[in-house]
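All chains are identified by letter, namely A, B, C, D and E, in their written order; residue positions are counted from 1 within each chain.
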Amino acid sequence: MNKTGPGKIALTALKTLFKKPATTEYTGKGSPEVEKHYRGRILYDPTTCVACGLCMRDCPTGAIQIINEGTKEDKKLVAILNVGKCIFCCQCVDSCNKNSLSYSQDIDFAMTKKEDLIIKL
Amino acid sequence: MHSDNRITIPIGPQHPSLDEPGRFDITLEGEKVVNAVIGVGYNHRGLEKTCESKTYVQNLYIIERVCGICSHAHGTAFCMAIEQLAGVTIPKRAEYIRAVVAELERLHSHLLWLGVACHEIGFDTMFMYTWRNREKVLDILADLGGNRVNYGVNTIGGVRRDIDADMVETIRKALDALEEETKHYVEIAYTETTLISRLKGVGVLSHEDAIRYGAVGPVARAAGIAHDVRVDEPYGAYKEIPVKVITDTHADVYGRTVVRILEMQESINIIRFCLDNLPDGPLSVRVPRRIPAGETIIRVEAPRGENIHYLRSNGSDIPDRVRVRAPTEANWHGMKHMLEGGYLADVPITIAAIDPCYSCTDRAIVVKSGAKTDCYDWRGLRQYGIDWYKKRGIDVTALKV
Amino acid sequence: MISFLKMLLAAFIFPGFLFLSVYSLVLDFIDRKLYARMQNRVGPPWYQPVADFFKLIGKKTLIPVEANKMMFRIMPLVSLAAVAAAFLYVPVLGQDAVFSFDGDLIIVLYFLTVPPIAAFLAGWYSRGVYATIGATRILTQLFVYEVPLFISLLAPTLIAGTWSISELTAFYAAHPLYALINLPAAFAALISFQCKLERAPFDTPEAETEIVSGALVEYGGRLLAFFKMAHSCELVLVISLFSAVFLPFMTGYVFADFLLYIVKTLVILLLLTLMRVSMARLKINNVVSFCWKVLAPVALFQVVLNLVIRGSLQI
Amino acid sequence: MTNVNLIKKAIEWGTEKSPWIIHFNAGACNGCDIETIDSLTPRYDLERVGILKQGSPRHADILVCTGAVTLQTRDRLIQIYEQMSDPKFVIAIGTCACTGGIFEDCYCVTGGIDSVIPVDVYVPGCAVRPEAIISAVDKLLEKLKNAEKDENQQKNAEKIEEKTETAKNGEETAEQKEEPKNDA
Amino acid sequence: MTHDEAVVTALCKKFPFLSERISVQREKRIFTKPLTPEEFQQIIPYVHRELNFYRACHVVGTDDGDTLGLLYILTDKNNTLLILRESVPKSNPVVKSISSIYPSILLHERELADLFGVVVEGLPEGPRYPLPDGWPEGNYPMRKEWNPKYFDKNTMTYNDPNVKEVK
């Protein structure tokens, strides 16, 4: 092993000074780039959904609700997602047999009002 | 007999060295710690009770969030418990993927720890460097698991995500880069005098004490106890993976640092082994929603040590009792010895050296100072502190720290 | 009359208070930027110290109930005033300081002890637990670095035979080779200055992870702004003093001298920052033993050396 | 006159450009805390938008709060909030901090941060990515720019009592609403 | 004979009442059937000293209806887990602390006292945990009959409508 002494990291630090910083470009404007398989917000496809409720049953936080806004015959299904409750586990996506749910790479939902966190999909 | 130059300072619950709430009332004589009262419990959420009213599937995500750092270890233990009660065997591939993620988690956790430890002793550059490199691991985890923290790779009966050929390549590349860096850390840890002077002889928990206080994980291994669940009681893929137990004899913070750095190297080797021998096959098997009645105890090696899960089922789809014994809980008991006689400056690093996470521990213990009889509960201690100040004309009761 | 006006101009504009505050902001920024870049980060934008200052000015100041209100308010100003006053004796342009007389080095050294003492009093009178500990640490540290600092700054005077900073600079400017003799003292002084500025590895008094931010925990708003300003002005003062005593090279042309001054300060700042980047915080007992066992002997060695040289010169 | 205005402007500008944060974990799982710290490290480096992490609440402008509020930390949180000097803001980091998230049903958890102190920006995510934190700070500053400053300060002072009350009411109704849903 | 069996045999030999009540669930897991506190107190010193179960990992409290079960998890150098199950009536849950033998059990015993209302005799003095200060007396959240639905978090009071009706 080398001899001990203070400031062993100084050389690396000096070298780093002339290196490009490891920092991302993102400063809050626009949408950030995330990994390909990152679990972001849930997407919903009402055309294939049969309102079986499996997603609601398995959701650990009760963040998702499938509601029929139309009548019994003329169904108009919507999913209400409380982003403020969702933990982005995507269990609902796994639970859905009809593949009506999927996830996006959308990660930025900072809101100044709590009400805005509940969104209709 | 209280000598008069004593002063009690509270560290926490909000304090820069604690990113989680906890409270340490440290009594000082000059800069020397003569007494410490440890209060954990700020983070008690009561999640075990909640687990008794949710289904196994939902609980999986709650258990994962017992702790954000070793979420995978908790998730794996919980899944293994359910699988064992249900009597299913999960596919080989799933076991290997779990092992890969577990080791990646260990890597990220140890890097995180190294950074935090350096931050505690005011070595911010090292903190920045380690956390920068930790991003490499997080990138893999995010791509593989889908999240940077609570990856959610486990599901009851297997795993949810696959490692494809591309991913194998990316992981290998990242590991190579990381290996280089690890070498650099080893070098620094062995040669930087200011670092060594802050770590050596600090927070000593000798071999005997480590046994007595039931230390686990790197704390125990740094005291020369070759205790590692991956070897002692292999589970999942570890039955086939060769794991070398890293031990050290320093028994102080320095030893813990060395153990963790070397374990990182070992984790890299394990991941490489797993990637080389990744079996083919399905990712998961079906497990019925209702779990047959029974009880089981599962042990898993989390980054911080042995993690014990107790699960009891009553035959429904809701567990009857879930109990998590996280490694930090076991390590708290030795804290008394480690803090005693040290300096105030050593308190943060000593606390950090067990890599505490209150989110799963949250309880409080009173630490008595050796043979001396001045043991207070924290209220008493606080009162003592207040009196001490009053004698000097300072009223700290109104003071909020 | 004209000379008086000129003096006023020098005292308040250049190289006086205004220059000091502006340059302190610049150096503060450069320090932070260097620090960040050495850590592979981007670091703050150029206007950051200014923004911080104005932000703090705009914030409400809360004074703890227990604190001594007068002391609490007055300390930041004392600190700032001492630094500003001391700066007037340090030559910036070439070899001429705004004021100078034989013995001003001592005055400056005394002014230099004021900020730590002000911080100590501020911490002591804010009566918080962390503040008290921070305050005691400041005092402890003050006692240990003061000795090597004094000795190492006084050692060069032995050869130059003057106690005025300006004359000292002039002497060494005339005999640049002698300046090299003072290298051990320069080394000791640099480290003592780091210690004085409470920067890592000597940031024990404000160790964030131990005692939050030491003596200044209870400060906020405007008063904190002044303390911060005093602190960065102290940085400028210390660096200028160092360059005046140990790097007294100059060209004789005003503009070039000014440039040279900038370059010198930047180099010293780089050294100080590098020191900050590359080491872990020392414990207070280590600081004490380091100062006594390493710095003080080095400084003493310089004194002996200079005495010998002086003696041989006179013979 | 103009001088005063100029200084005012400068202060406003400073407030926007130099938000110092203090971090408090009110009962999180660590996930969000680490990501908060992470956003200070080289990869995300919040210092490049002027953010510094402070140890003392007196120095900070923004309280960055993670985790569902547990009964034990509740009083602490209020204390820290009160120790900060005006103008001050609160960012709730993470699903837990927004609503209580996965811990909402736990007996020791009072709910999101807004059940105790007023929150200015909610950032859902479990865990929140550092990018989202950066964006949250950005949104907060945007909000600052738009809102009149005096109004804001006044609100901040009054908000505490009012909001805790409304939040409590809101919480109750939310709980009532939830029960049938859980059964369903 | 495997190590597990050896432990079982040794225990049965020393404590005849244990035969039929101790079994190896699977490799490295030895469970006992519920023991009374007296039986338990006899076994503990022996297990600690003679059988070298040096580390107490944990105590799990369980609510078994009318009784409370306490599962003491001990381990030895072979990493066999010996789970001693102590059973006490809910109406009078009194056990003796074993923290003088196993210091590492202290935390978990305290937790039992708080969450299950077990009276642990001989526990060193200390603050309460993990429950917050001001938690109402007599509320033991981990007992099955305690329903978080009736717990008011803001005032920290527990009003169970059913209990009132009974009275």
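Convention: a residue touches a chain if its C-beta (ideal position, glycine included) is under 8 Å from a C-beta of that chain, and two chains touch if they have at least 3 such contacts.
The structure displayed is predicted, hence computed values, not measured ones.
S.K.: Return the chains shared as contacts by chain C and chain E, ordered by label.
M.R.: B, D
S.K.: Quick one: most central chain, C-alpha centroids?
M.R.: Answer for the innermost chain: B.
S.K.: Which one of the chains is farthest from chain D, going by Cα centres?
M.R.: That would be chain E.
S.K.: Centre-to-centre on C-alpha atoms, which chain is most distant from chain B?
M.R.: Measuring from the centre of chain B, the most distant chain centre belongs to C.
S.K.: Pick the pair with more C-beta contacts: A-B or B-E?
M.R.: B-E
S.K.: Distance between chain D and chain E based on Cα centroids, please, to the nearest Å.
M.R.: Those two chain centres are 41 Å apart.
S.K.: Where the CA atoms of chain B average out and where those of chain D average out, how many Å apart are those spots?
M.R.: The mean C-alpha positions of chain B and chain D differ by 27 Å.
S.K.: Between chain A and chain C, what is the gap in Å from one C-alpha centre to the other?
M.R.: One centre to the other, that is 50 Å.
S.K.: Let me have the rounded angstrom distance from the C-alpha centre of chain B over to the C-alpha centre of chain C, please.
M.R.: That gives a centre separation of 42 Å.
S.K.: Find every residue in chain D that makes contact with two or more other chains and list them.
M.R.: Where chain D meets two or more other chains at a single residue, that happens at 41-43, 45, 48-49, 55, 70, 72, 83, 102, 105-109, 126, 129.
S.K.: Counting only residues that touch at least 2 other chains, which ones in chain A make the list?
M.R.: Counting only residues that touch two or more other chains, chain A contributes 6-9, 13, 21-23, 34, 60, 87-89.
S.K.: Would you give the residues of chain B that are in contact with at least 2 other chains, written as numbers and ranges?
M.R.: 15-16, 41, 44, 46, 49-50, 54, 61-62, 65, 125-126, 128-129, 132, 135, 147, 150, 192, 194 - these are the residues of chain B that touch more than one other chain.
S.K.: Each pair of chains that touch: what are they?
M.R.: After working through each pair, the chains in contact turn out to be A-B, A-C, A-D, B-C, B-D, B-E, C-D, D-E.
S.K.: Going by the contact rule at the top, pick out the chain A residues touching chain B in the complex.
M.R.: 1-9, 12-13, 22, 34-39, 57-60, 87-91, 94-95
S.K.: Tell me, which parts of chain A touch chain C in their complex?
M.R.: Listed in rising order, the residues are 6-10, 13-14, 16-17, 19, 21-23.
S.K.: Okay, in this complex, where on chain E does chain D touch?
M.R.: The touching residues are 131-135, 141, 148, 151, 153-154, 156.
S.K.: Taking the touch rule as given, give the residues of chain C at its contact with chain A in the complex, in rising order.
M.R.: 34, 36-43, 201, 274-275, 277-279
S.K.: Given the complex with chain D, which residues does chain B contribute to the contact?
M.R.: The contact residues of chain B facing chain D are 13-16, 19-21, 41-47, 49-50, 53-54, 61-62, 65-69, 71, 112, 115, 127-129, 131-132, 135, 147-150, 357, 359, 400.
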